[in-house]
Amino acid sequence: MYCKRRVRVLSLVLLAFLIACWGVEGMVLAQQATEAPPAAGGAPPAGSPTTPAAPGAPPAVPAPPLKIDTGDTAWLLTSSALVLAMTAPGLALFYAGMVREKNALGTIMQSFIILCVISVQWVLWGYSLAFGPDKWHLIGSLDWVGLAGVGLEPNADYGATVPHQAFMIFQAMFAVITPALITGAFAERMKFSSFLVFTLLWATFIYDPLAHWVWGVGGWLRNLGALDFAGGTVVHISSGVSALACALVLGRRIGYGKDNMAPHNLPMTVLGASLLWFGWFGFNAGSAVASGALATSAFVVTNTATAAAALTWMVMEWMYRGKPTVLGAASGAIAGLVAITPASGFVGPMSSLIVGAGAGVFCYAAVIVKSKLGYDDSLDAVGVHGIGGTWGALATGLFASKAINAGGADGWFFGNPAQLKIQAIAVGVSWVFAFVGTFIILKLIDLTMGLRVSEEEERTGLDLSQHEERAYGKA
Amino acid sequence: MYCKRRVRVLSLVLLAFLIACWGVEGMVLAQQATEAPPAAGGAPPAGSPTTPAAPGAPPAVPAPPLKIDTGDTAWLLTSSALVLAMTAPGLALFYAGMVREKNALGTIMQSFIILCVISVQWVLWGYSLAFGPDKWHLIGSLDWVGLAGVGLEPNADYGATVPHQAFMIFQAMFAVITPALITGAFAERMKFSSFLVFTLLWATFIYDPLAHWVWGVGGWLRNLGALDFAGGTVVHISSGVSALACALVLGRRIGYGKDNMAPHNLPMTVLGASLLWFGWFGFNAGSAVASGALATSAFVVTNTATAAAALTWMVMEWMYRGKPTVLGAASGAIAGLVAITPASGFVGPMSSLIVGAGAGVFCYAAVIVKSKLGYDDSLDAVGVHGIGGTWGALATGLFASKAINAGGADGWFFGNPAQLKIQAIAVGVSWVFAFVGTFIILKLIDLTMGLRVSEEEERTGLDLSQHEERAYGKA
Amino acid sequence: MYCKRRVRVLSLVLLAFLIACWGVEGMVLAQQATEAPPAAGGAPPAGSPTTPAAPGAPPAVPAPPLKIDTGDTAWLLTSSALVLAMTAPGLALFYAGMVREKNALGTIMQSFIILCVISVQWVLWGYSLAFGPDKWHLIGSLDWVGLAGVGLEPNADYGATVPHQAFMIFQAMFAVITPALITGAFAERMKFSSFLVFTLLWATFIYDPLAHWVWGVGGWLRNLGALDFAGGTVVHISSGVSALACALVLGRRIGYGKDNMAPHNLPMTVLGASLLWFGWFGFNAGSAVASGALATSAFVVTNTATAAAALTWMVMEWMYRGKPTVLGAASGAIAGLVAITPASGFVGPMSSLIVGAGAGVFCYAAVIVKSKLGYDDSLDAVGVHGIGGTWGALATGLFASKAINAGGADGWFFGNPAQLKIQAIAVGVSWVFAFVGTFIILKLIDLTMGLRVSEEEERTGLDLSQHEERAYGKA
Amino acid sequence: MKKIEAIIKPHKLDDVKEALTEAGIVGMTVLEVRGFGRQKGHKEAYRGTEYTIEFVPKIKIDVVVQDGVANDVVNTIIRTAKTGEVGDGKIFITNLENVVRIRTGETGDRAL
Amino acid sequence: MKKIEAIIKPHKLDDVKEALTEAGIVGMTVLEVRGFGRQKGHKEAYRGTEYTIEFVPKIKIDVVVQDGVANDVVNTIIRTAKTGEVGDGKIFITNLENVVRIRTGETGDRAL
Amino acid sequence: MKKIEAIIKPHKLDDVKEALTEAGIVGMTVLEVRGFGRQKGHKEAYRGTEYTIEFVPKIKIDVVVQDGVANDVVNTIIRTAKTGEVGDGKIFITNLENVVRIRTGETGDRAL
């Protein structure tokens, strides 16, 4: 009986697939047609905060057809691969090492499957919502759904020397990692099906609009002049604040504050952290959307801030608790990477030392404070990404300098206090939008399908209860 | 006594090495002489299926000396490094996580040592057999043995803008990973010495000719017009079908179907799968042998198909068995990567969604069917690479479009049903050649040195019996 | 009480940070001012052993402003990221897998925190000491402290087609990995605080001067004509010989030769070794400081020598002990990478086979001999880096060929026996300088703060005694 | 002296340990075991293969006590380890001939 | 009641478990141990260092049964765990004072 | 026959094993356990959270011997496992009803 049902299911799926295969032929044909002609953007290339020209580059001459530069494209593709590696294996292992053994696979799965879900969502509608032709300064239109019109010619707005699809796939990796960061807040207790729905809704209704506001041509925060080189607001504040909403709505894990919830595999966590550091060079230096001076500058400050933050966190801990820890150093590094992200294309190496040190101080303090407040942000997504991202976005308003990036702006310390105010607005808006939006999505899911696994499932662990697998089998 | 023997062995080896060192002086000198002059190919650059010009590029002007492009070279070197990372650590961990603890090292060793063996074989004679000047449309001549004539100038046939050796080393990584894929079929029971011999014979007599047929200038399948962008037939069908021969000839593991053979470390497997995904960008997008529109297109469809396949496999499993598994998602991703490989330079993103979904469906079905048929393809090399590669090669005949790659061809859905037939021929030929060839090699080894470890060694595990090491030592 | 102290510490730190933040404003401003103007080096571009022009490149025309090449920069940034990955996660895991479980985190921490410490040291004063304007052919001046004058324009001496900071950050990764290699010698017994002090002193007083001698414009070994493409003397001999000093001064681990000290996680070690291999392409091929023929050549010989060395070590072991081991193959690969490092930009593929094979023979012999001599170089930093680096530096004097690199020199086998003598001088100088210098630093630390953890701490393991953490927690 | 061996559910270990400590027991030895009994195991699946794992993770606690307090200890364990569901475990009581404290060489009740 | 402790070769666990189940035994507790005896261990080598590992992985099965069936159980184990080679293991039989089922508080034979 | 169960510090295992072998003992079974007693555990900290681990890693050695040599064995263990610091461990001695060698079916003293 049971077996027959299975065979039937299998045959049905096979059949359905074949029909689908045939059916989409038309659609594919249609799409290819739009892919072929150069998607030459009507607007002339404009210096933009996110893709500023390298200092010293000749001023852009309007009109002539855009040419793909092999070096820029090589760097952008490399960067895209690096950012993919941040989510899986990077973040997947970073988080999985910190949970208990019984949740190792469930935690890995969350990052891994987000990579799959958002890769498809982005191609189908996410990119269009975020970067498609502007509507009311709030959202991209649906013109680029299914990548219609997103071809292999450069797009003047988003990278005049690289194929438009290269920019698209680079951004896809950002859209992937952002919801994955949130999973740290609800680790070890969320239902897999609900988690999938949450991810899809959050990406569509929180990430895509926010990305449009800050990075999309016409987006209102971009028009305001907010600086966010590689995602302080869009990626880290949005995920960190949403993580707070998750921790509050889902509540604490069973046994929190009583059971031993020590990380089950810290070498795995350090491996993940190191891969995040490695991949983050693509994240930040790749955000120059070109290979040259600006990418180099972003690369250098990324490394410097990260190192400074790791040392600062370690020293703080040493003074405060008596021992320097490995998890602390790794956490500090991530905090530094987070904080330098929005600033990475606008500040110099000495400034980056301070941005990094600040990340170490503030994020460590946040983590200590959390354990007093009593909400269960299991893997400190709030403390690291929310606080680190906020500090980084504000620090950009302090340390940005046109000497580093002529397409940017000066910060307070370089004579322009107004920039800090703009940054503060962008930070505030992101906080409110992400928190309220996430709260609503979570409540909707809670009322309909429920957010948490049952008590017994939680005790058993996600690996067996959600996936019927164990991380470490014994022969 | 024993000790003395050892010392003598050591001294002898040292002596032998010193003599060898002196002896090769002449050979090295000779080789350097051929290395220095530019190996300018006599033939004018020709658009070829494997290294097609980026769409829109100016038509190649014959005669002028070829110039190395720094961006193209950067991308090709990066890609070569990425493909290396696919074999070790990627595949090594992907496979090792799935075996029992007692075979973890033995399994890792197979991938790792193949990397070493084939790296040397390729430089000595493999590259010459596969890509050297054509003989009878069947094999490369021995003219390029020891890389004689394979210098640092571009070769018009195999990459007009990159050093010839860059193309050579990129292809070396392909030659490395292909036999490594097969090891999944005979995991946990093959004798190490026999395995080494098998690898060397297989590379020389199966891989090198097949690569020549499909990719070598003058190769008969290439002349026929078969499309294989990055190795659907050469890499995946050849390894998957050879895997089938291995599973049949070697027979099942002791205790198969009775003992618990659960994976000993699934986080390791997911780490491996993620690194494979990461490296596969080099595999597919690097196969453009240039940085630009075509590489970008290959990159985008690779990511999209992979994500779609992982989701499809997971959903299939969820419906068929009741739970979505982490191993399933990871396996689906690999299936998607396999399937998009031959198509990656010829299809657009919407087509790639279907190619990926198909991989999820067919490969999952293959894995389920296997467990009914009863042969022991331990880590599903057949189901994933054989079936996935076959689907991908055929799908290329359906979805290929000249709008994506002017140097390619249209598939059935773009008005050219003939292409599917050509693809089917290439698939059929690869199946037969790989199966028969592998079968013969295995039988020869079985008759001479034996293929399997003894029963007691198998029970003890490869780690202790073949290598006298344990994966996880206890203090 | 305790709690209050903590709160006070925290507040103090926060305050101090804010003040610091304000205080550096001036300094940052000052620095930015020097960053902005192009740091056009006064000296005309000169062919130099470390950054030689690609063969066939047009002779450098003096005076015109240097232009950044996007492809070269892409490759250098990619290489920098790759070399970072060598230290963490690469070396961290390679070493950590070989220690006992109780020291896994402590070992990982050493590599990880060196990455942080030296990243900051390098930016603040290390780069200036190593590459800053020459003083007495012995050391760089302090002119470039805090990267003053190290901007985003190319520097003719150190890479005429890439931003100066790109060369700086690439070199930073070299400065990072070198002290990390030494940690293999004192694994499982060094006090964390003393280790930090040692690292800082060693980098400043050993590494920075040595790098200046060999690579800095004006350095006396460079002037002598010593060839060291990517760090045979600077990186491997210096770390390997210092490792010897460490092993001798610190003494053996408790229980050495009696307790079972088997590696606790060999898959982790192979993962680390594979990542080292992967990253080493950046190390060697990146040392061309350009993307093209020379980088390609370095890439090819790196891969070939590594494979040859791994096979040689394995075969040696097979003959000498009876079984080929996985740790042996991985160790051989590292030995090959070490040996080809100084030669990688000067020799051809056939020569590299011999360089690799030699590494396998000599380093394996060194490791066997060590176990008779009785000093405790726990993870064989001496045998692999000291011996491998020495062999590689001498082999460069044998196999170097101007046919490969016109900016280099010919070795003995190519008609220039003098080169071997120069290499021997460089080797000898590095040995003496590194050994004596390290010895003095260690003795100073031993007298003041002590080098080793207490006996009880050593028994407990570094993880708990130094960091109050365990690598693998049990729920 | 009596040796009391209790097989319990893993997540009950902390409760049992605390209760025993409160009851004045100063020493015990704990190990991880796998139990087979009325409590059902679980299913696992890896690609095409399904396994039924019949062994359930359990904790075994060994406590050696003077004869007089054995009953109290047993009752304390029952009270704290009980959930009322199948699989709560068993307690085995054996008679012990002697106990020695290695550090001092003391024997019998004084060694506890 | 008797407590039967059997040290066996790891790959024999499934066979023994099945045979005991067929013989009507409904509960047992299993753990991984390392044995030292006549059976030789193995050699390992890591670079220059060789180790001889004298301990061999074994499985220990604890079964508590009524006095009457103890002999049957011992024979069943002997029959299924035997390979005839050195290292097949040992069976230790102890007298047990009492057994308690935590879930119900039942004691003695009823607790099994 | 007597069953001697010794809980010792892990780094003493090799010494004890060697001393027992010299004393003519040809078999023993060893397992890893966690001990709770007078010896204090350690602290661990992960970011903001601190844990006190009260269990200490110990090794348990089971040796079954003829009645006559039990005392010798106990003394050998005391001698070699003793460091004089808290936490050296305990030795428990039980009477054994019977021993069987699986390979041969021998019982009693001959099975040892």
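For reference, chains read A, B, C, D, E and F in written order, and residue numbers begin at 1 within each chain.
Definition applied: a residue touches a chain if its C-beta (ideal position, glycine included) is under 8 Å from a C-beta of that chain, and two chains touch if they have at least 3 such contacts.
None of the values given here were measured: they were computed from a predicted structure.
> Listed by label, which chains are in contact with subunit C and with subunit E?
B, F
> In this assembly, which chains make contact with subunit B and also with subunit D?
A, E
> When the centre of a chain is set as the mean of its C-alpha atoms, what distance in Å lies between subunit C and subunit F?
Roughly 47 Å, centre to centre.
> Report, in whole Å, the distance between the mean C-alpha point of subunit C and the mean C-alpha point of subunit D.
Between these chains, centre-to-centre, one finds 53 Å.
> With chain centres defined as C-alpha means, what is the inter-centre distance between subunit E and subunit F in Å?
18
> Residue numbers in subunit F touching 2 or more other chains?
31, 44-46, 94-95
> Residues of subunit A that touch two or more other chains: which are they?
Correct list: 69-72, 74-75, 78, 259-263, 265, 291, 321, 323, 325, 327, 368, 468-470.
> Between which chains is there touch?
Those chain pairs which touch are A-B, A-C, A-D, A-F, B-C, B-D, B-E, C-E, C-F, D-E, D-F, E-F.
> Looking at the complex, which residues from subunit A come into contact with subunit D?
255, 258-259, 459-460, 464, 468-470
> List the residues on subunit D that touch subunit E in their complex, please.
2, 6-8, 31-38, 54-55, 58, 60, 74, 77-78, 81-95
> Quick check on the complex: what are the subunit D residues that touch subunit B?
44-51, 53
> So in the complex, which bits of subunit F are touching subunit C?
11, 14, 42-46
> Where on subunit F is subunit E touching in the complex?
3, 17, 26-31, 64, 94-103, 105, 111
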